[in-house]
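Data block below; observations after.
In this document, chain identifiers A, B and C correspond to the written order of the chains, with residue numbering beginning at 1 in each.
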Amino acid sequence: MRKPYAITLDVGSSLANLTGSWRTQRPVYVDRLPPCNATCAAGEDIQQWLFHAEEGNYETAWRSLVRDNPLAAIMGRVCYHPCEGACNRGQLDESVGINAVERFLGDEANRYGWEFEPVTAESGKRVLVIGSGPAGLSAAYHLRRLGNAVVILEAETSSGGMMRYGIPQYRLPRITIDQDVQRILAMGVELRLDHRVDDIEQTMRDGNFDACFLGVGSQLGKRAYIPAGDARRITDAVTVLHRMAGDEKPMLGRRVVVYGGGNTAVDVARTARRLGAEDSIIVYRRTRDRMPAHRDEVREAIEEGVKLKWLSTIAAADDELITVEKMELDEKGFPQPTGELETMEADALVLALGQDVDLELLSKLPDLNIVHGAVAVDGAQMTSREGVFAGGDMIGGERTVTAAVGHGKKAARAIDAYLRGVAFKQKPKHQMATYDLLNTWYYADAPKTVRPKLDIIRRQSTFDEVIGSLDEATALYEARRCMSCGNCFECDTCYGVCPDNAVIKLGPGKRFEFNYDYCKGCGLCVAECPCGAIRMEREPN
Amino acid sequence: MRTSHVKFYQTGTFTVGNRLLSEDDRSVQSTLERTNSLNSGHRACQGCGEALGARYAIDAAMRATDNQLIAANATGCLEVFSTPYPETSWQIPWIHSLFGNTAAVATGVAAALRVKGRNDTRVVAQGGDGGTTDIGFGCLSGMFERNDDVLYICYDNEAYMNTGVQRSSATPPTARTATSPAKGPEPGNVFGQGKNVPMIAMAHEIPYVATASVADVRDLEAKVTRAMSIRGARYIHILVPCPLGWGSEPQHTVRLARLATESGLFPVFEAEHGEITDRRLIRRKVPVEEYLSLQKRFAHLFKPELKMDVIARLQAVADRNIRRFGLMNGGDD
Amino acid sequence: MLKQVEGSRAVAEAVALCRPEVICAYPITPQTHIVENLGEMVKAEHLTGCEFINVESEFAALSVAIGASATGARAYTATASQGLLFMAEAVYNASGLGLPIVMTIGNRAIGAPINIWNDQQDSMSMRDAGWIQLFAETNQEAVDLHIQAVRLAEELSVPVMVCVDGFILTHAYERVDMPTQEQVDAFVPSYEPRQILDPAEPVTIGAMVGPEAFTEVRYLAHYRQMQALWLIPELAEEFEQQFGRASGGLVHPYRSEDAETLVVALGSVNGTIKDVVDQLRDDGVAIGSVSVTSFRPFPAKALRAAIVHAKRIVVIEKSLAVGIGGIVSTDVRMALAGAGRPVHTVVAGLGGRAITQASLREVFVKAHRDLLEYLTFLDLRHDVVHREIERLESQRRSGPVAENILRELGSVADRIG
């Protein structure tokens, strides 16, 4: 072509004009901490495993999940999922059903017999884990993953700790515990049941252990002084639930009163219904909205016929009669006695007022620092005894399976660092991905899926699992409701909305880069990014 | 609209791309292979809606025609910022002739292709609202009337931006421009003027008419693709916010387009042979204030005192669109 | 093949022989018969491989031609008068983009007052638009110039206007030797565009050019027209060889070698001029004439060569540069600058007023005696304008001049000869 001068131009020539020089501020890709991850006591990267689940890659999703928490199927049943409470999607429509997806993944793993990845390099170190509850199992798993030899010593005849001896079967079938535990053992973790430890240091020396993790829980039910004519009618929740694991079920009678407002109180009340109690009444000194028990648990209990008596304390328990004093809340929200008394008939009174750590085990570690009945640990989960770490219910704080798993993981990493002679450092947390950073326009309207529930009659009479699992389609749906708060999920919106083609798409899984040669700094990508994964920064000089 | 058959709960069909979609269902703009018909280095303002709309439309047209595409471009911002000697941003054969003759130039291109038997190569004409609804209107109507095989795309930013923001027949009532200043008893552009070129195009009974905005790239691409599957005169009218002319923040360009459609002020619909065949339903209806208050051209409606009566008249315009085009019937998104 | 044919039909047939690929038509008197004939040929499939497009305006007509030409099609249109003005913006654009479009102008006056009859004000209004302008003296030359114009336009990538006097030529039945398709095919090769809109090799046509390059672009436009000054005679010569008759070229001198008085004019009026020249020669007056075929580019050198012996020049022109006088004569004066010979402007034939032999003879004799004024309006009715001027001076508001004059005359029809 004999192109005329100036009026006819060759394509692509504008690339010579670097419009990036116009810029006064520049967009930068960032990763922010999603609220679900931030609130997960087990330290799961929830958003990451949901990301894989969204694609239908359930095994990848499960593998991502178990990097932090080996007890997926258990967790999907017993975790009180504070992540869902924090989920930003809750402000848009309803929070993502994270717990249901976790359960689905855990069940898939058990269904298909997925195993953990084999340990590739042995460290040559031996670690003793005392207690096979969630903290112990988690610690053992993570220690083993890091190449350490692990032996778990368990005083009971079965593994699982409070998961087996404290949580009713209708919430957590025992087969699930067995499957999740077995997978950990398959990694080469040794479990010795019926093996009560009296002298920790001696045991360590005998077994040539380089470090020890304590996860023995808090198994002593708290007692309150109640003037009682017949003390045999008063028992505690830990005992009741523990006996549920054995062949001889506890005999509670026709009318059962449970005293307390936590999850354990609800568990006992619901268990009592299933054991045939016509009346199962929770007596609590404050109001329903102040109950520490999880909302869903309370709702389900009420569905099953459990009755609740608010603003009441038990003043006395005589024979078949319990005396209750009415309370009222003061300005600060504390219950104060009114002096008004009433009585109610009861065959049994179960105290669910919390649990204490059994300090007897620790008596041979005399200089162990105990604070308010719990073992004190430092930022690396280490007790005041060098090389002895602890986690789970025995260190106090949030006493949940989830928190215990988190303690176990953290302790395992700390122990590993300790054994390598390096300082234990946790990764710095990203800035929180708050709701206001999102552009929620881009998320399609999609209400939460409701998990199936067992028929109410069967719930009142059997210990069958109450909450069903999601099927694959609904699990996928639920996973895809995740908004990926604060982290790029490769939706291509920045790539699309840039008027200057200054976003370079790097291909699947590789995210994007800015081409600052042409980026004019308009900020459209920041404004339109659905998940708040781009930030505007002042242009460096 | 027709894009909604693929539903992804995480991101729906609203994001530009979606890693969960099959390759075939992905938007052109999300692909690595997209042609960037309007290349980097152009001199559009920061956050230019027209640059965005033009690339969306022409990339889609390129994909629909396997890159066998020629464009004629009216004088205006798009022409000026894309082709200042010695640099052009266009990747396709492209001609700029005059302000008011683009539709006719495109007719000539189409005629030449037809006479040479090159039916695989297609023609797009494009211009701003001034070049389309005002000075180029005669040629546009002629092209429509003859049913020439041209897709005409109007990038509507509602005033003459290239010359410094003067009123056009696409300027909305009350908007301040350099020739409809915010002065006197009825500040800004007056009510009861302007023309609805998509409806006028429909009156020509041409095979295809559609409106779209830069807030919904999938919808826009689907319309361009649909248009390219049809022979004869076609018209797509795309709302492209202009940060400079509207007095808006550059990062609000897409948001404003979204608010314009979600308020009902800019109805998004499709028509074939003069009859409306589909419309994009409002998903989250917003009052017009939400759209107006982000733009300095409407600042006089809010300051020094809030003019609720005038805003109510604009709301009535939006409500009429909603009624007229059925923008809130049905339920899908 | 010789035939008796209307000028418009002859032009249409000549255009058709050039195998145009896109023809855009918008009717305006006196061009209508040309496009009607072409339309009929396309519709009847006598002219194939051609798109005939009825557009909505002259502006669109040339715009469609611009698009077609840029896409590699041989594009043609025709217009006149107001139509040419309405497409003015596109006229400049076509040449600026270097698109070799051929356009016939059926020369006609420009209003107001509206007037459908012949003069050349329309073409003159576009003399600086960058188009080559060729003026036909006869219908035979109109035919021949179109054939040469296509070749010329495409070789230089410059658009060409072929100017044909409205009615006088367009509507006149004359004997025309119509070339054969084989002859035209041999002379006009298929169009090879200098630039083309093609997805196989994409380019941007019509960039915005600033001060840094605009002068050069304009200079190159000028340069291309200067190239035409040698290409036009070359093509005329080649044409003569192939078609057996002299036609086209830059200028046609007539009995000019020893002429002391030389008449210069454009288009069909040269026929009348030559008759008067012959008469005066018979009377022993040393007079001759030069018909300027190529007004743009202006053949200054050829003109200088033709007037070597002339003592005075009389330019008969069918247009008026209001406020100064002649348009053609201004160019003639510039071409002869320094030669020291007077150039008289005679404005004649405006709005279709007949240019009679008697009137020309009177003017030429006057010029030959050095009695002709610098600027003459041929056959101006002095009594009418004097009365109007008096009225203008006596009344503050005299009303539109044209209406007043019409009122004075009753009608204009009887003035057209």
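By our rule, contacts are C-beta pairs under 8 Å (C-beta built on N, C-alpha and C of every residue); 3 or more make two chains touch, one makes a residue touch a chain.
What you are looking at is a predicted structure, and each value in this text was computed from that prediction instead of being measured.
Peer 1: Count the C-beta pairs in contact for A-C and for B-C, then report the pair with the higher count.
Peer 2: Taking the two pairs in turn, the one with more contacts turns out to be B-C.
Peer 1: Using CA atoms only, can you tell me which chain is the most central one in this structure?
Peer 2: B
Peer 1: Hey, which chain ends up farthest from subunit B, C-alpha centres compared?
Peer 2: Max centre-to-centre separation from subunit B belongs to A.
Peer 1: Just how far, in Å, is the C-alpha centre of subunit B from the one of subunit A?
Peer 2: 50
Peer 1: Roughly how far is subunit A from subunit C, centre to centre by C-alpha average, rounded to an integer in Å?
Peer 2: Here subunit A and subunit C have centroids separated by 92 Å.
Peer 1: Return the distance between the CA-based centres of subunit B and subunit C, expressed in whole Å.
Peer 2: 44
Peer 1: Can you list the subunit B residues in contact with two or more other chains?
Peer 2: Where subunit B meets two or more other chains at a single residue, that happens at 83, 85-86, 88, 90-92.
Peer 1: Tell me, which residues of subunit A touch at least two other chains?
Peer 2: 6-7, 9-11
Peer 1: Which subunit C residues sit where two or more other chains touch them?
Peer 2: Within subunit C, the residues that touch at least two other chains are 97, 196, 201-207, 209, 213.
Peer 1: Residues of subunit A touching subunit B in their complex?
Peer 2: 6-7, 9-19, 22, 54-55, 441-446, 477, 480-484, 489-493, 495-497, 499-502, 505, 507-508, 515, 517-518, 520-524, 526-528, 530
Peer 1: For the complex, which residues does subunit C have touching subunit B?
Peer 2: Listed in rising order, the residues are 21-22, 24, 49-51, 53-57, 59-60, 63-73, 75, 89-90, 93, 97, 196-199, 201-210, 212-213.
Peer 1: Can you list the residues on subunit B that touch subunit C in the complex?
Peer 2: Touching subunit C from subunit B are residues 67-70, 72-73, 79-80, 83-86, 88, 90-98, 100-101, 104-116, 121, 138-139, 141-142, 145-146.
Peer 1: In the complex formed with subunit A, which residues of subunit B make contact?
Peer 2: 7-20, 27, 29-30, 32, 36, 38-44, 46-49, 51-52, 55-56, 82-83, 85-92, 217, 243, 249-255, 258, 283-284, 333
Peer 1: State the interface residues of subunit C toward subunit A in the complex, per the touch definition above.
Peer 2: Residues 96-98, 157, 194-196, 201-207, 209, 213-214, 216-217, 220 of subunit C touch subunit A in their complex.
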